[in-house]
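What follows is chain A paired twice: with chain B in the first complex and chain C in the second.
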Partner chain A sequence: MTKFIIRRFINIVPALLGVSIIVFSAIHLAPGDPISLMAGEEASEETIQLIISQYGLDQPFHVQYFQWIGNALQGDFGTSIRFGRPVADLILGRLPASIELAFTAIVIGTLIAVPLGVLAAVKHSTWLDLSSMFVALIGVSIPNFWLGLMLLTFIALPIAFFPMFGREAGLWEGIVSFFSTGSLEVFLNGIRYLILPAIALGTAGGALVTRLTRSSLLEVLRQDYIYTARAKGLKESVVIYKHALKNAMMPVITVIGLRLGATIGGAIVTEVVFSWPGVGRLIVDGIGWRDFPLVQAGVLLIAILFAFVNLIVDLSYGFLNPKIRYE
Partner chain B sequence: MLSGARIFTIAVFLISGCLAFGLNPVEASTVNVGVEGEPGGLDGRLNVGSIDRIPINVILEPLLIYDRNFDFQPRLAEEYEFSEDGLEVTFYLREGVTFHNGQPFTAKDVKYTYDWVLDPDNGAPNRDLFLEIEEVEIVDDYTVTFHLTEPFSYIISNIARLNIYPHEYAEEVGEDFNVEPVGTGPFSLEEWERGERIVLKANEDFWGGAPKADYLVFRFIPDDSARLLALEGGEIDLYQGGIIHEEVGRLDDNPNFTVHTWYGAGYDYVGFNTTNEYLQDHRVRKAISHLIDREGIVEYVLNGFGEPGITHIIPVLPWFNENLQPHEYSREKAKELLAEAGYPDGGFKLRIHSRDNDVNQQIAELLQYELETVGIEAEVFVEEWATLFDRAFRSDDHDLLIMGWAGQTDPDRASYRQFHSEGARHPYTYYSNPRMDELLEKGRIVPPESEESRAIYNEVQEIVHEEVPYAVIFYPQEIGLSRDYIQGWELHPSISFSFRNAHKIEIID
Partner chain C sequence: MGTVSKILKNRQALIGLIIISILILTAIFAHLIMPHNPRETSLFQRYQSPEGFGGTFFLGTDNLGRDVFSRIIIGTRITLQVGLIAVGLSLFAGVILGAIAGYVGGTVDEFIMRIMDMILSFPSILLAILIVAIIGPGFVNAMFAIAIVRTPQMARVTRAQVLSLKEEDFVMAARALGAKHPRIIFLHILKNAFAPMLVVATMGMGTAVILEASLSFLGLGTQPPAVSWGRMLSTARESIRFAPHVTLFTGGVIFLTVLGFNLLGDGLRDVFDPRLKD
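Now for the complex of A and B:
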């Protein structure tokens, strides 16, 4: 198992190097440069070129790349051109908000989706199945930004409890504050801001998980060992929850894991609609401003997170299915 | 196992706890302003975008400002005067003003600010605005004289765009001025929560009187619909720009909101690449201008929030040429002009590059349709700003550009960069006309209020109207929205100037 983890870590390295080359090339080869955008329409071309050389952006492409990757390997991701602050500080400052949102969205989605999927599979071809699948279909089809705006218009606007935008202290600060002061105030306030964006973000994923849980469970329920279990006279609930569900969850866990990785950096639309200060919005801002260091480091960070989450998902298979051994 | 009753009790407890939070009342003296984005930094010498300048212009002040009627108003300077030869301009500074850190404001700060911006090593993007300044001389603590290399009548308009920095403090903090700015303005920086808000605190010692609100908070809400909902939900109190035109009527009917409108300081236009095989003939350009249904665009695309475009100098400025009319929307006229130019049935292809905002995109599509009616095949490309700017400015790989200008507060600013063959934004059109160059150079020297100045810019506008390097489409109106309890806020044609007088904004019961 340790060997497996080490090997996986080694495999991640070339993948990340590949990502670094792709993101570096993509943002540098795109038309536009950060200095012209920052300088605006008042500046002459001479002034722009002068500032470009002050930032070292006039150096050959490969020189800039090796300089950047060299510094990055030593933990220095450079300074944002747009914000004039170290990129690592900017991204790490936004990361808790992103993780919190992604995690809550997935938890809310999963808590509703898995039971719904199980219900649909167990009550296969009944009205319960049909109506859960109908709900799931709507969930998958609703565009994220539209659902966000609807939540704002029909829930946040009439109910003062839900804020319209932004984020106050995070859940983590809330937990810390609970243990230090014994008051849930900060935590509950964090939840208040988190709940609508998490619903908007979690709906599509949840709907997908519902459909997947249903189809996966249906498939497992048709297998021989389930007939055997039933033939032994086991209670139906034991057959489903103890024997079938565990195996049926394998593909579901893979999808949830992949979504978690993608959601941390990819919740951009939700972040924009709810003005949530997450990493995705920061990176998109960075792309608009052609803020090379910010975009490079941001995308690289998301790739690292993604690889890490994948590893955890792979490891979790072993707990679900003892047949899988890590060698 | 928890009993149902116990779960219910806990739930009620939790929900009531939450509700207690939900009813958190807005502090009476905090004004929340919704803005589209987050500034890059608060050092205005380096951050010159309008998003950056909104908070910066509350914290810091220039020597003078222009008000919403484009008249200059004293700020850190009480008066100024030009020498006879126009080579010197002297400012008499306001006495008894202190920066937020308690240091007094003097002539040293003025000299420091201009020297810093003019030093090429500092990489100030706005340096080009001040290249005519040869030296800033301190006459005494409260008098400074700017020596110019050549007379430049509109230097005042540029000086109104540079805030004054505290020399000792700015030297001391260096780059950190971006996050710890200190100025003389009505509010000082209290806190900047990345990605969320900038909190400004009232400067009780402000020379213009203590601000009426205790705090002014800029909240970053990128989505236009979400910003409007935040205003309706009372979480922000006012905002300007990025307003969905269709929604304004609905709010206008609601007594809880005030809709502010004021003329803007810019225009949207079609820029022609005059080196293009077909567009080098001004009759073709003029023909295309006659295909723009300006009235229709104002009515249906802008929902009435604008005026049809005539020339590149906005009609509220005294230099506007009253004798000119918009190019009439007429396919017949366009066909005649095309026939004169030798293209009676069109028969050529053009590309339209547009900015990626809704308004410009719709205009591009309308124009594409109109061009086809006279036999010109057109293809539309919508590009984000970074890409379009690079295309327009660094390449000649464009035919028709649909873009906009803002902040066109004087005729030199509106004309020189655009139409002088050495102007910084000359590559948009490559338009070149010796008579135009001569007029624009002369316009910079003659006193702005003189008859001669008007005559010069009248002719400039006649040339633009006839030769059409730009076809001006419309002058947009500025729109701001506020809750009814907000008073003392005035919409300015430049959004970054709208909070210069933030000390007058108040919340009434």
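Now for the complex of A and C:
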């Protein structure tokens, strides 16, 4: 098992290096001159020279890359052009909001999706099955930003309980405040802001999980050991919930894990719709401001997060299913 | 029963096909169907509510008094164009890369698939955003960005097909008869891998449509005066308080388009590979 983990770890290194090269090249290929952006339109020749040497822009490409990656490995991603503050601080400040949103989206999606998929499989070919699959098909096809706009229009607008945009305290602050003051107010307020963006973001993944749960469970229900269990005279509920579901959940868990990565990506657009102060919106704003250090670091961070989430899913898959474990 | 009649007998595929046919016809005959000039502004007729059939503005007007229905109609062109060309490009690149990787194997395979993995290390919307940020916003650039993002999927499917087919007897036979490698790959192997690739490409159309709409929504895709649904939504967003109809109808059409491609993709998969159908 240790060997397997180490090998998977080594496998993602080249991919991450490639990612970092792609991200780094961005600043050099991008149109618009970052120097004049930093120095301003009417900067003197000396200022420009100072900036060039300060940012090492007179060095060859590969030297600059190694400098950048060396600094990045030490947590220094450069300074934001717009804010004049370290990019790492800006992004870390936004990260909790993004993680909270993606995580809640997955949780909400899963809580609805798995039971719906089980229901569809158990009531195979009935109207319950058909309507669950219809709902899932809609969920897969609905663009998350439009769903977000619809939720704003038809839920947040008429119901004052749901705010139209933004985020106040996070859930974590809410939990901390609960333990220090005994009041759930901060936590519930956090939920108020979180719930609609999380639904918008979680729907597509949830719909996929519903479909997968159904087909996986149907597949398992056809296996011989299910016939055996039924032949033993076990109650149908025991057959389904104790024997079938456990085995059917394997691929479902993998997909839920893999959705986490996709959800972090999908969150970019959702964050813009709901003015959610996360990393995704920061990246989109950064592109508008031509703040390349910010964009670079934000993209790199999400890509790294994505790679690690996928790695963990992979590892836990090997952990759960001894059949696919490497030697 | 022939494949075509099997597809037409599949209810999902048929509904999908109908939706897509309507969209394609709309795009082709846009200028005949549009009741108004989609770019004509009228400050006195801003945010008109939908008037339904027979009214001047069937689906109402937007922030500049432009006819929403006409704009949705002309918008099918950009959407289908971006979708078809982006998926076509990714199909082309993915099939070539995947076929080479699967057929040649060894270091070449390693090299190609590692690059594909690199692309897959980004969430697709993020990579598309990054590419467009590098090469600049716009409809053509968005198309390329989507094509790049979608290529690894096609390469993987092709590679898997090639790997499973290249040891088949008919390939051995072709080789024994002295067929050249490209002939074996393209004539013998890929012909038999056509069905799964068609399914992935159809599903890919839905994804491409969402990606294009997302990029345009963020202001990174199609630029005005070209009309795109994503762009319309980003403008309409500011008026959801008093003119939600623009958002409702524009997004609804994006949804229907994606639904059409997903239905067709699901249906095709069931037809080509009945084992996958529960």
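Assume the second predicted complex is superposed on the first by the 274 of 327 C-alpha atoms of A that agree within 3 Å, B and C clash if a C-alpha of one lies under 4 Å from a C-alpha of the other, contacts with A are read in each partner's own complex, and residues count from 1 in each chain.
Everything below uses one rule, namely that contacts are C-beta pairs under 8 Å (C-beta built on N, C-alpha and C of every residue); 3 or more make two chains touch, one makes a residue touch a chain.
All of these numbers come straight from a predicted model, not from anything done at the bench.
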* To do: Check the residue A:L184 against both partner chains and state whether it touches chain B (first), chain C (second), both, or neither.
  => first
* To do: Could you say whether A:S141 touches chain B, chain C, both of them, or neither, answering first, second, both or neither?
  => second
* To do: Tell me which partner A:L149 touches in the superposition: chain B (first), chain C (second), both or neither.
  => both
* To do: With the two complexes superposed on chain A, say which partner A:V23 touches: chain B (first), chain C (second), both, or neither.
  => second
* To do: Based on the superposed arrangement, let me know which partner A:Y65 touches: chain B (first), chain C (second), both, or neither?
  => neither
* Asked: After superposition on the shared chain, which partner residues are touched by A:D285: those of chain B (first), chain C (second), both, or neither?
  -> first
* **Touching partner for A:A160 - first (chain B), second (chain C), both, neither** => first
* Asked: Touch check for A:F103: first (chain B), second (chain C), both, or neither?
  -> neither
* Asked: Is A:F4 in contact with chain B, with chain C, with both, or with neither (first, second, both, neither)?
  -> neither
* Overlap of the chain B and chain C footprints on chain A, residue-wise? -> 30-31, 145, 149, 152-153, 157, 272-273, 288
* Asked: What part of chain A is in contact with chain C in the complex they form?
  -> 12, 14-16, 18-19, 22-23, 25-26, 29-31, 124, 137-138, 140-143, 145-146, 149-150, 152-154, 157, 214-215, 218-219, 261-262, 264-266, 268-269, 272-273, 283-284, 287-288, 295, 299, 302-303, 306-307
* Contact footprint of chain A on chain C as seen in their complex -> 114-115, 117-118, 121-126, 129-130, 133-136, 206, 210, 213-214, 217-220, 233, 236-237, 240-241, 244, 247-248, 251-252, 254-255, 258-259, 262-263, 266, 276, 278
* **Residue ranges of chain B in contact with chain A within the complex** => 14, 17-19, 21-23, 37-38, 40-41, 43, 46-49, 120-121, 123, 125-129, 175, 178-179, 193-197, 219-223, 225-226, 229-230, 232-233, 235, 384-387, 389-391, 393, 405, 417, 424-425
* Partner chain B, residues of chain A touching it in the complex -> 30-33, 36-45, 47-48, 50-51, 54, 82-85, 90, 93-94, 97, 145, 148-149, 152-153, 156-157, 159-167, 184-185, 188-189, 191-192, 272-275, 277-278, 281-282, 285, 288-290
